[in-house]
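The following blocks contain the structures, represented as structure tokens.
Consider the two complexes below, in which chain A is the common component and chain B and chain C are the respective partners.
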Partner chain A sequence: MDEMTPNVRTAAVRADGLSRRYGATRALDEVDLTLERGITGLLGPNGAGKTTLLSILATVNEPDAGRVSVFGLDPREAAERVEIRRRLGYLPQELGYHRHFTVAGFVDYVAILKEITDRRRRAEEVARVLAAIGLEARARTRIRALSGGMRQRLGIAQALLGHPELLILDEPTAGLDPEQRLRFRELLSGLPGDPVVVLSTHQADDIAAICPQVIVLLQGRVRFAGTPSELAATAAGRVWAADQRDDRAHLSWRGGDNRWRHIGDYPPTGAEPVTPTVEDGYLLLSHAAGAR
Partner chain B sequence: MTSPFPDAAGPVAGADGHAGEDLLASYAAGTPQPVVVWSVEAHLTGCARCRSALSAHVDAERLARNRSVLLVRAALGDGGRGRRLLCRCGVPDHVLRLLAATPSLRRSWLLSVIGVLALVAGEAAAVRPGWIPARGPVGLAPYPGPEVLAPFLLVAPLLVLAGVAAAFLPMFDPACRLAVAAPFSGFTLLLVRAVSALAAALVPVAAAAFLLPGPGWLPVALLLPSLALCAFALAAATLVDPRAAAVMAGILWAVPVLLLAAAHVPLLIVQPNAQFACAAVLCACAVVLLARHDRFELGWMR
Partner chain C sequence: MTATGGGPAVRGTGAAAPAGTGDRSRVTARHRAGRLRTVLGLARVEASLLVRSLLVLAGLLAGGAVVWVIFGSVEPLWWNAAWRIGFGQLVLGMAVLVAAQLAAGRARRDSMADLYASFPATACTRTVAHLAGLVGAAPASLVLIGATAVVVQVRGPIGAPSITVLAGGLLLVIAAGAAGIAIGTRFPHPLAGVLGALVLFLSSATSHLGSGGGIWLLPWEWTQDQLGSLPGPLAGYPPAGAHVLELAGIAVLAGIVALTVTAGRARARGGLATAGILALVVICLAGAMQLRPIPTAELNHLVREAADPASVQRCTTASHVRYCLYPGFGRDLPSVEAPVSGVLAHLPARPDQPLTLRQVLSLYLPDSTLTHGHPERQVSQWQAQMQRAPGNAATASAIYLPVGWWPAAGGRLADAHFDVALAAAEWAARIPHQATGNPNGPVFLPCVPLDQAREAIAIWLAILATRPPAGELQDGLGGLGTGRGFQGVEVRNTMVPTWAYPGWGASYITSAGAPQTTAAGYLLASAMLRLPEQKAARVLKSAWPTWLNWHTTDAQLAAALGIRMPSVPAPPAPFRTPRPGVTFVQPGSGPQNPLCTA
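Showing the complex of A and B:
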């Protein structure tokens, strides 16, 4: 038997050959991936296809080609699609709000859409998610009076309704301040029931901090799938620190210690090798994809 | 000393007339009989020592959870008299809460509808006393001439259509992506919103038609065309872009109304032949909607 077979059978979420076009733009190009229980980070620049991929997994969008399986369910079948949605928590990248709603009113509205129709249970569930994200004291505040960071937290709160088994978060840390980001990481790490969590981000440090698995999506294709340390290791021996800028490097930037960090194939004069980070690995992959 | 706590004799009630640790612990956990709870509460009101002792038994997490639930309940409220009345009539509370996201049920929208209706109906009404000169041949009493009704006949069903379109077009629902990704039936949500928007718009339209200097049957005669237009927009939305569907429905009404107005016979658009045509359109659209309602479950993002 193929060594991969057991993994294929147990994958909670699986995508095979997903493709999606918007006019002449190919957003996804034959994407294959599997997601296990736990947190998976989806890393990629703007326009890499992250949002399209996540919206397909969330059954909001349909692929032009390819198949998706979520907990063994096929979203093309109406009944199975509804079952997936019952087990889903979704934070879209650009979540719109009814600005006249209160914070509690909005989460209550989403709870009804998630079929939590019993009034008492709904109030308890709304209270639980607002407390989890630190917004319970703002329950009566109108959404139009919230800051951008608070709205983002509200978006995260609604995604947590009903203890979803599949939690899809599209750039959840955008707009959060450092303290809120730490709290968010703590929240995700402590989610009960071992759900499948997939979050897209530009922040490599978010990935390094909370994601046991990482997928790098570049130009609509999966360029890397593995652990953060494996991603960092792809840049091993190709990251240096130096006092001067080096034009031969693929990428160079000045760090907080006023020294230049170089990613490239050759060490700059007088440079010393440094331990690569997840960000280094990602930048190197990104550069390689751009050079193709 | 006699224990002030009924059914809590022995080690539960304190020997000195205060609540014992076991009693306070069970009170904090919410397990005693109601009569014991009342007695403990009566005692706590006047006893600082027991209140202080009680705090050691309180589950802080449960307290925080209850506080959050109370805050949420206070924030959600009961929705006012209108919602309470509808609840008493048997409309489920959660359905009424869903309607809060329908723009065409908001006060500002309804006031706009009433404003537009007042404008066109006011113009027609002003013809009767001669404040505005009538155009075209003037008919017999009790109303000055059918031509004066043309603006109202054009606008009234379009206002109903606009209300329904606002209830289902994604551009009017900023959280539409959440609705699409949720298990609640998209078709049910659409119907609930569309029917409520239809009802909310028909009331001022019928009232304006009743007040107009026109035939007495006009308020009823507008019902079927309005329903047919909305059904056409919904059915067409399963085939084409929903915005295009709403525009097509609007054109479908506006063109014949304008042509008939130009021919000085605007009332033909609501007379028997037109009513039959509207009934046929309504039936056909209902069939299309039932056959293709799955499109509303998929969402609009494709």
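Showing the complex of A and C:
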């Protein structure tokens, strides 16, 4: 811990009244939230404002209104913004790569940008993060020769450099195969130092699997913040299984067992209630927000 | 985690309180130290990428090729060669500009701007690193300078290299790289760098549109100067010191522009603006220095060297032939002497007239790059002095070698040797330098030794002295030998096929007034070469004065040698293949070449 380390225990990251517009589009609408140490899942459909929110937390963008505090530091102050960035690991949603760089060369370059300037320490860090995401054998491979999934892992690797206290990952599991997703979950769960991790994803099962906290962002506003079980609980009594489709349901689909799963306010004829999942809770919230 | 007002209450976590004043100052100090280390680290990577860049390698090779081509045609004079090496640096600089632009625009072009923006290293820090990384272009520049300098040195140069000029070449590459970074920080598209390189190239390629000292303001001028025609370095031509200053100013200004694009703070921008103004002042100052006229004393000396070369030249006599060369050009003496000695060795009898080989200056004084800033009257005076230069008078007893045109080696040297040998043989065969018109006028027609045995003898002597490849000699007939074309001049209302000898028109010697060689003369000389040399020499020696008489015909010589007169193909009608340097006129419709008499 350095001189910027807190001596008062409070929220690691705090956002008050964040708003951001892109032309006529309101990407964020007075978002208030606090993030604690541990993994927080950020759920929301495309265009909900997840990427905008994460980019503001990563000090990449500034809000039109509201303020952010990260580890007690104000990103509006240049020096404090740099200090936040020193503690940050960030994986943007759409990341291009310097295709002519080698895997190790790229991570090494990012390490310098993260002010890991000691050569030996940097080499150790590069080796560590590449091993962590299973790319150590590809260290000398040019990025242009990597598959999409490998590039995504490379993006995760660079975010892990320097043991960041705040790790912001915008859809990190996109493009990963099931085995890689499991390894990713394992990786995040085992991060040392109890960092603040914000994980934006469309995969509700990822959230359920590894996130003690979840935020649902819909139409630029926080619609839910709590634990996955609390999110699932919002759908309690509103999820049924039936043999037939019911048009009154908000959402219904046929599962692998050939039975229809309904989410709605009324049980279909002959339906039996089932235990809701995080996905059910999220879908119900999403539907409710769309109806508003 | 909680969304305030929307979720569970905040739980206690290890989070920071806002930093106090003391904390902030420590943060600032750490920030600066970290930034310096980051700059150095990034600069090392960027320099390494530049060193290994295929683009830079291509620029290095292209620059080397350009210098090689330029050196192929000029005498290795250091005061000229150093500036030509700089043109190779311009080519390399174009490649470095593109490479630097690609590097500076990399983050945005590869959709990584958001990621980069999340790093503690700011865009400004990265730009500083890119600028520092230009050190990586220096090895390519130094390799090019070193390699080309070795080439010049191997060819036996005259003079000594100017470190200032060579350093200017290096600085040109760095300035081009800085410009590339300035472009890349604003325009990441690869085409922007290519356009930048194109502008750099065009700025120099269009130097002919400039005049006076203005040409030195270009990044690197290479078409307008007369450096290769000087007998030695001329102070202020080029104004190398001021040009280095200008390039340094441009490099700094480009760097400042790049930093201004990425600098976040208003205070930093203010500082950069001040530095930019200073750089502009330096550039303007350097520009003004480059526009200064060449000192009158220097030009006076140069004109004196041109008009009265005997006053400065060192002369050597060998086999009764005088060789007069400018100081420093003694290296050329054996090479110039060889073809003359070869002709003398085969000569049946020496002519009474002495022969002098003298270097002359082929300067063009009205060129404003030389005389800008001097009164017109003064320039006219210098020009009048230059008119009295010995090279302007046509005489058979002197062979004039313009400075800067004597090749160091290779096929061009062989051509130059034949050129000198033929001139010496024409002197020996007493073929006069007669002409119609003014060498500098629109019409200048040298005399033609039509059907004169002495021409074939002169060509025979020159071939014996230098032994050029038969194919090359035959090529001089143009299409005449194959019936595909015709080259000729008109003498006495008759079209006479001509022969272009090796080195013809290449300015190894000043050819003003030198006779026009004919195809008939060459063909007869070729027939003579098929005879045993002793037999031909015996026939020539037996009646040498007769053979030198301009009334003695080719047929008489052929008969004396016992060979058949070679037939010269008749020119086709109409004939439309004028050659450079030969004024082409329709028969009887204009001035005609005179016959060589006397």
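In this text, the second predicted complex is superposed on the first by the 283 of 292 C-alpha atoms of A that agree within 3 Å, B and C clash if a C-alpha of one lies under 4 Å from a C-alpha of the other, contacts with A are read in each partner's own complex, and residues count from 1 in each chain.
Keep this in mind: a residue touches a chain if its C-beta (ideal position, glycine included) is under 8 Å from a C-beta of that chain, and two chains touch if they have at least 3 such contacts.
Everything quoted here is computed from the prediction, not taken from an experiment.
In this overlay on chain A, chain B clashes with chain C.
When the shared chain is aligned, no partner comes close enough to touch A:Asn46: not chain B, not chain C. More residues of chain A lie in touch with C than with the remaining chain of the pair chain B and chain C. In the overlay built on the shared chain, the residue A:Asn258 is in contact with neither chain B nor chain C. In the overlay built on the shared chain, the residue A:Leu88 is in contact with chain B and with chain C. Contacts of A:Val126 after superposition: chain B is touched, whereas chain C is not reached. In the superposition on chain A, A:Ala58 makes contact with both chain B and chain C.
With both structures placed on the common chain, the touch criterion links A:Val103 to chain B but leaves chain C unconnected.
By the touch criterion stated above, A:Arg223 is placed in contact with chain C alone, chain B being left untouched. Using the contact criterion defined above for the overlaid structures, shared-chain residue A:Ile112 touches chain B and also reaches chain C.
In the superposition on chain A, A:Thr275 makes contact with neither chain B nor chain C. The clash between chain B and chain C in the superposition falls on 274-282, which is one of the stretches 4-12, 22-30, 58-66 or 274-282.
Overlap of the chain B and chain C interfaces on chain A comprises residues 55, 58-60, 78, 82-83, 85-86, 88, 90, 92, 95-99, 108-110, 112-115, 117, 158. Residues of chain C that touch chain A in their complex: 1-8, 10-19, 23-24, 26-28, 31, 34, 37-38, 40-42, 45, 106, 109-112, 114-122, 126, 264-265. Those residues of chain A lying in contact with chain C across their complex are 3-13, 16, 31-38, 40, 55, 58-60, 69, 71-74, 77-80, 82-83, 85-86, 88, 90-92, 94-99, 108-110, 112-115, 117, 158, 194, 213, 215, 222-227, 230. Partner chain B is touched in their complex by these residues of chain A: 55, 58-62, 78, 81-83, 85-86, 88, 90, 92, 95-106, 108-110, 112-115, 117, 119, 122-124, 126-128, 130-131, 136-137, 139-140, 158. By the touch rule above, chain B contacts chain A in their complex via residues 64-65, 67-69, 71-76, 92-94, 97-98, 100-101, 106, 173-185, 189, 294, 297-299, 301-302.
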